[in-house]
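Here the structure is laid out as structure tokens; the discussion comes afterwards.
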Amino acid sequence: MSQAASPTPKQKYDLNFARWVYENVDGGDRMALCMQCGTCSGSCPIGTQMDYGPRKLFMMIRAGLKEKVLTSNTLWNCVSCYNCVVRCPRKVPVTYILHDLATLAVREGYAEATHSDNALFAKAFWWSATKYGRTDERLVTAKYYFAFGMSEGYKRGMANMKIALGMVRTKRMHIGMPHKVKETSELHKILAKAAEIEARNNNK
Amino acid sequence: MESTTRSRTILVVGGGISGITTAVEAAEAGHDVVLVEKSPTLGGRVAQLNRYFPKLCHPTCGLEINFQRIKKSRRIKVFTMATVAAVKGGAGGYTVTVKTSPRHVKPNCTACGDCGRAATSEIANPFNYNMDKVKAAYLPHTMAFPMRYVIDGSVAGTPEGEAIKAACKIGAVDLDEKEETFDVEVGAVVWATGWRPYPAEKLTAYRYDLPNVITNVEMERLASPDGPTKGKILRPSDGQAPKKIALIQCAGSRDLNHLAYCSRICCLASMKHAAYVREQLADAVVDVYYIDLRAHDKLESFLLRVKDDPQVRFVKSKPARIDPGAGDNPILCGENTLTREVYAEPYDLVVLATGMQPSTAEGDMPAFDGDLDDYGFIFPEGETISAGVAAGPLDVSMSVQSATAAALKAIRATMA
Amino acid sequence: MSERNTGVYLCSGCGIGEALNMDALEKVSKSEYKLEPKSHACLCSDEGVGMIRSDIEGGVNQVIVAACSARVMTDRFAFEPNTLIRADLREKVIWSHPAGDEDTQMLAEDYLRMALASAPKINPPTPWIEGEYSQRICVLGGGVTGLNAALEAAAVGHDVLLIERSDRLGGWAVDASKRLPHRPPYAQPEENNIADLVAKVQGEGKITVRMGVTVTRTAGMPGKFAVTLSDGAVEDVGAIVIATGWRPYEAEKLGHLGYGASPDVVTNVQFEAMLKEGRPTRKSDGKALKSVAFVQCAGSRDPAHLPYCSNTCCATSLKQALELIETDPTTNCFVIYEEMRTPGTAEELYRTAQSAGVIFIKGKVKAVGSDLTVTVADELVQEEIPLQGLDMVVLATGMVPNSTNTMLPSEAGENPQLHGDVDPEAPIKVAGYAGEAPPAHERREQVVYEGASLLNLQYRQGPHLPVLHDGFADSHYICFPYETRRSGIYTCGPVRRPMDWAEAEEDAQGAVMKAVQAVRSAAAGAALHPRVGDLSYPKIGLNQCTKCRRCTVECPFGAIDETEEGFPSVNSTRCRRCGTCMGACPVRTISFDNYSVESLVTQIKSVNIPDEFSGKPRLLLIACENDAVPALDMAGIKHNNWSAFVRVLPVRCLGSVSLLCVSEALLGGYDGVMLMGCKAGDDYQCHFVKGSAMAAERLGKIGETLKSMMLEPERVVQVEASIADADRLPKVIDGFVEQIMAIGFNPMKGF
Amino acid sequence: MTTKISTKIISYYPGCSSQASGAHLDTSLKAVMPKLGVELKEVRDWNCCGASVGHIAGGHVPVAALSGRNLANAKEDGTTDFVTPCAACYLNSHYTNEKIINDEHVRNDVNEALGAVGKSYDGSMKVRHICEVIAKDVGMDAVKAQVKNPLGGIKVAGYIGCQTVRPFAKTERGGNWETYDEPHFLDDFISATGATAVPYKKKTSCCGGSVSVMSPDKTLHLIRDIVQEAADNGADVIATPCPLCQTNVEMYQGMINEKFGTHFNIPVVFYSQLFALSFGMDPNKDAALHQHLIPTDVLKARAK
């Protein structure tokens, strides 16, 4: 997806944002085929917790309501179950589109996005994945919890302490040095290059 | 192959409303017609309908007229339990191989019913979409034409079979009857092979396996005086009259995972079903779940008539799935797209408006060697003549229109 | 006709022999009618039929078969040209009444008597064939539908007269850009091939094209129509196909959608013409179109305008949007709709338009400003949204059928016209049964037709082709879409139903199919639908005619005209043989060779009427053979029983029932009479349009007659029956028997 | 008796969870697969696939590059099948592989990134879920042939979760090996061990995935329903192929009991652990039944 900032509609049904989404969002081209039947929002396991749901979100994209779309909690409540994807009568890859819109929202710095659980978790996750080449659930969770700030982090940590200890006891969470790939430098070279390409793509 | 002998005879494949229409229209213009139907009687799907929209009149009325026309005409030769095995030649001169499967009852049957009384075992009743049973020796239905009994092959070689044979005073029972094939020379072939309901079990999210989830064609039988419930709309699980019914539109249609096209008739058929329910059950509520309500031309007024009923409600939503609920009540889950409400609504009975799939879709028509479109319809073009739903998703009136046109095309072809 | 020689054949098969006393039945024929019957254990067997055939060779020319219902074994008992009379001892006797029962036996004997009694009154019909018949087919309208109709008729060997009121062929298609998709994969607009079509027609030798003329009068009947053109020419044709198409709904009436507010608010028809000329620009300032809104249902589906859906507007807007996007992919196209109607394979076009970027907004248009701001109550975004910066607004106006020619004033003078449907709010008025016929305007429903009639039919019942409530000249019958109420005249294309190009092409073929049948049947003196091939026709004994005009008024098909002297004159090839005229005639001087008041009354009278001391009432059930009789048959097939006191008399249509049948029955001692026929009213099921309505109308007047006979009016009733009433009718009949028993026996008995 | 199977070598990508929450899946698979004639050749120096959140912080090319490196390494190892037991790893690796095949931009970008260390990848590996390999390549007869200790009488609810079958199981490139709503492979696995697969309609209901890890408050009710139906249908254990499902459904039962007043305590195991047990292998060393938060005594008791 291009990271060049997406255009902001000047009025309702200004199609510049919709067209940008069609072209730049993974699966966006098929989004044009949405006929507003509601199957996606209806088949979502936690659709009730979404403010708009994918179906209405897509209509709002057409209507040019960019800000509402990128601050929508719908982006963050996707559990990636892919029910909507396989049931959509128009074969719109809903999940992929939501993932990319989420990424877009974070990139364009909408607070609702950058402060979402997912964004913080993703940050922690990516840190571990790229630093060590493997994700260390223990470090990721810790980093994630404390991303909410000291006290909140502690609260969340304690809430799950019982589980955490259990995991440790059953050797499903290890203490000590994190697992990592052998060729860390090789991986870092690849990722650095990849980041460079990503940036280059964006300024196309 | 260049045919030398020209034939003015027209072969019509399929004895539903379209095939019947093509046959009588061509015959009444002076052409001989061979009508081939794979089931034991003519009438096809419309014979299984309770009533037509928008007049709520009975399809058997029009069938009676057409059957009379066939009876009066000396030009139409009808073969039931017959299919077309092969077609050779070209316009003006075809050699068609017809294959008949055993009826186990000879043409001299008088439909006196003695065999039926002698039969003891029962088989699923195809006329009622297997919702009830019939004796192994049976008259397909009271409007059956030709009015002759059918004996199920299962009784052949059994004591019951012998008893049935013995019961027939005029020796019309032939349990040893075998499949037969014969050729006919015709000048034109019209494909009026019709449709079948899209298999509801393929709509896994709609849980057709639940007792109180039925299809629209089953609803027709439930509402029909000759149906499994003698015309009473009752839920299969407990035989109780439903108080809250959901009609789900586009169950398969307009869905790239199933039928990519719109079946055209389902919306109006569901309006008809709403009318059935409200006619019988004064306090029942009917909820119609839809994407777009499609009522073409004057049928709009039928839609409006149903909309006037406060006990028929409309929800713009394609339900996402059905969950099993307490008391065998299916729970409809989805999003109301006009209110954004995500609902989980229990119903006493859910009717899936499954679409029409051409009988030719699954390639079970070896004799037809022309091109099918992506959906399996036979697009009428060049030498290929198709009529009714074999050509596309049409309602009855449009099918008859198409079939009447096909008769003229066929006459042209014989003159080619 | 040679000396009548009647053979009587009784069947004892299918349990008849076990349930009934065959000897007693034979005796009825022998002693009462002096006809020696032959019995057989299975009359429909080769042996049984062979017996009858050898008798026919031996001189028998009228066959009475007392066996099963006339609806079965028709291929076995087929002895044309000899007349065949069938008495139903199976379905209507032994299958619907207890075996070995005295009353069942009496019932069977009476049915045999009815058959025997009618025999002398039934003659083999001699068809009406007179003079020259034209095989030529007249096609009215030179648009897509008419051009196809002309080519199709020519292709099956008929000469064609093609009449177009304008001075060019092709109709709207000439001003249209592309066609809607109609062939697989149904996804893309198709090239407009109207020019080739026109060329084909002009190159076809069998087709005579007359442009710039209209039809000023049409006289005659199928096979013998004389069509007069505005230039005075008179043309003989055998059948007429009306393909006068449609016109757009008047945009001037769509002010609420902004029409007139700006030159850049146009109709889909105007926009189509603009597209044909290349990429359209703003009418106001010639600027390029960057943003266009298409407003659906502009007039259609609006009770204040057109109550119906015009079918083609949705797909047409999609096509027009696609044509814009094709020439400039950056064009913003908005389709504002309430229900997106792309039925059948047109769903593909919907998807094509979506993937091309067309935006669909579901909701009602609240207002269209002169600056082209369209305010929409957006139902999916759930807010009212002003669509701004539009360059053009296209109103998808609906189709109005050209069932009249609005370019001409309506015919001079009063042209009363029967409405296409029997309207309950305006019951059909027929001449009273006493005194003078009321004036014409009281005698008929009035339907004000805008403009001139298309054919100016010189029919007693007016110049117009009856239309349905929505103004389309469509059939009332779902199973028979080409049935009009003027024999030999068929409609197709958008004048029949809103339809697109491809459907109209096919519709033209269908209508031509019917026209071909019409000319061929006419020449053979054979009836058209629904009594296809019936050779009988109404004969009127003018010496007895009182010129009461009831026959001319009541004929549902306008088959009977009036001579200068006011006598009825039958146009036989217009006639559908329902017998409504026969039922209407107060002096019963109208009859068919094989069907007459007399043939009915003799059957009624032939029944044995026991005296009241027997405790056995007799009721007459006059049943329409189209739906009621089959329903009773099926009741029999299901072994549903009903009272054995009832005698069923099948008739062609309740419209053919003369009140004389009823009064004769009561005078003859029947205790009650029930007329059973098809549904009347808006959704009528009568196969002859208004036969059952006419019967009801007449029955309404029998009250006085009954009073004068000192009889209770409750003794005569009419009930509606559908063909699916096999379970209901026995109850209805038994209910009537109880009702009559409650009233008591007919005091006339035995007089 | 044992049926002789020709051994098939596949590249095995265990995924990060194999070294933590999903360790017991890895252990049991490594124990049983050789018996089923499949040699697991671990992808050389494999790295994280990016999972379901990587793109948010990382972006598309880096995430694709992660899978790209794994696939490239596997390719260098000279195998044809890139097989993983983890739903999320399967989803990401398969998706990236498809992109590399079908989208030349992605193909070029990934190869440019890999090029930084002299690697390249052309999309020629077949990315598969290990359950597909067991269901299609191995087959149930081969599994049954290994069963020395049938688990007769044990009632198991087969819970598959989402990403093992959605969205790829019913696609051509995905091998068309299962349906979305009514997959049967897991019940086949269970039955093969001699255990009883109880009727279970929540087979492919969602456990909340990573959202459950992040914000269980949003999704606990989903897990409750999943456990509830298993309980209602009398299951002794729940079996699953998905490491995240296993963790979520197991570790949150306590929290669910607190929140909804239920009394769930149903062990949640992997099909591979049932295999190991039924193959008569060591309940801990091979089946790793000791690595559960909810004790698996009902199974351990059946160890031979």
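Labels A, B, C and D are assigned to the chains in the order they are written; within every chain, residues are numbered from 1.
Everything below uses one rule, namely that a contact is a pair of C-beta atoms (placed from the backbone, for glycine too) under 8 Å apart; a residue touches a chain by one contact, two chains touch by 3 or more.
What you see is a predicted model; the values in this text were computed from it and never measured.
A.B. asks: Where the contacts of subunit A and subunit B overlap, which chains show up?
C.D. replies: In this structure, the chains that contact subunit B and also subunit A are C, D.
A.B. asks: Any chance you could check whether B-D or B-C wins on number of contacting C-beta pairs?
C.D. replies: B-C
A.B. asks: Report the chain ID whose CA centroid sits closest to the centroid of the full protein CA set.
C.D. replies: Of all chains shown, the one whose C-alpha centroid lies nearest the global centroid is B.
A.B. asks: I'd like the Å distance between the centres of subunit C and subunit D, where a centre is the mean of that chain's Cα atoms.
C.D. replies: 67
A.B. asks: Compute the distance, rounded to whole Å, between the mean C-alpha positions of subunit B and subunit D.
C.D. replies: Averaging C-alpha atoms per chain gives centres 46 Å apart.
A.B. asks: Find the geometric centre of each of subunit B and subunit C from their Cα atoms only, then give the gap between the two centres in Å, rounded to an integer.
C.D. replies: 25
A.B. asks: Could you please state the distance in Å, as a whole number, between where the Cα atoms of subunit A are centred and where those of subunit C are centred?
C.D. replies: 64
A.B. asks: Going by the touch rule set out above, which residues of subunit D reach two or more other chains?
C.D. replies: Residues 180 of subunit D touch two or more partner chains.
A.B. asks: If a residue has to touch 2 or more other chains to count, which residues of subunit B qualify?
C.D. replies: Where subunit B meets two or more other chains at a single residue, that happens at 205, 254, 316, 337, 340.
A.B. asks: Name the residues of subunit A that each touch 2 or more other chains.
C.D. replies: Each of 35-36, 56, 83, 86, 90 in subunit A touches at least two other chains.
A.B. asks: Between which chains is there touch?
C.D. replies: Inter-chain contacts occur between A-B, A-C, A-D, B-C, B-D.
A.B. asks: Which positions of subunit A touch subunit B when the two form their complex?
C.D. replies: 35-43, 47-48, 52-53, 55-56, 83, 86-87, 89-91
A.B. asks: Note which residues of subunit B are touching subunit C in the complex, please.
C.D. replies: Counting only subunit B, the residues touching subunit C are 17, 24-25, 28-30, 50, 52, 55-66, 68-69, 71-74, 108, 110-112, 139, 142-143, 147, 169-170, 224-226, 230-231, 254, 260-264, 292-301, 316, 337-338, 340, 373-375, 377, 379, 381, 392-394, 396-398, 400-402, 404-405, 407-409, 411-412, 415.
A.B. asks: For subunit B, which residues are in contact with subunit A within the complex?
C.D. replies: Contact set of subunit B toward subunit A: 205, 250, 254-258, 291, 316-321, 333-337, 340, 342.
A.B. asks: Can you name the residues of subunit C that touch subunit B in the complex?
C.D. replies: The touching residues are 13-15, 42, 44-46, 68, 71-75, 78, 152, 155-157, 183-186, 301, 307-311, 339-348, 379-380, 382, 468, 470, 472, 474, 477-482, 497-498, 503, 506-507, 509-510, 512-514, 516-517, 520-521, 529-530, 532-533, 626-627, 630, 634, 637-638, 679, 683, 685, 687, 722-724, 726-727.
A.B. asks: In the complex, go through subunit A and note every residue touching subunit C.
C.D. replies: 11-13, 15, 18-19, 22, 29, 32-36, 56, 59-60, 62-63, 65, 90
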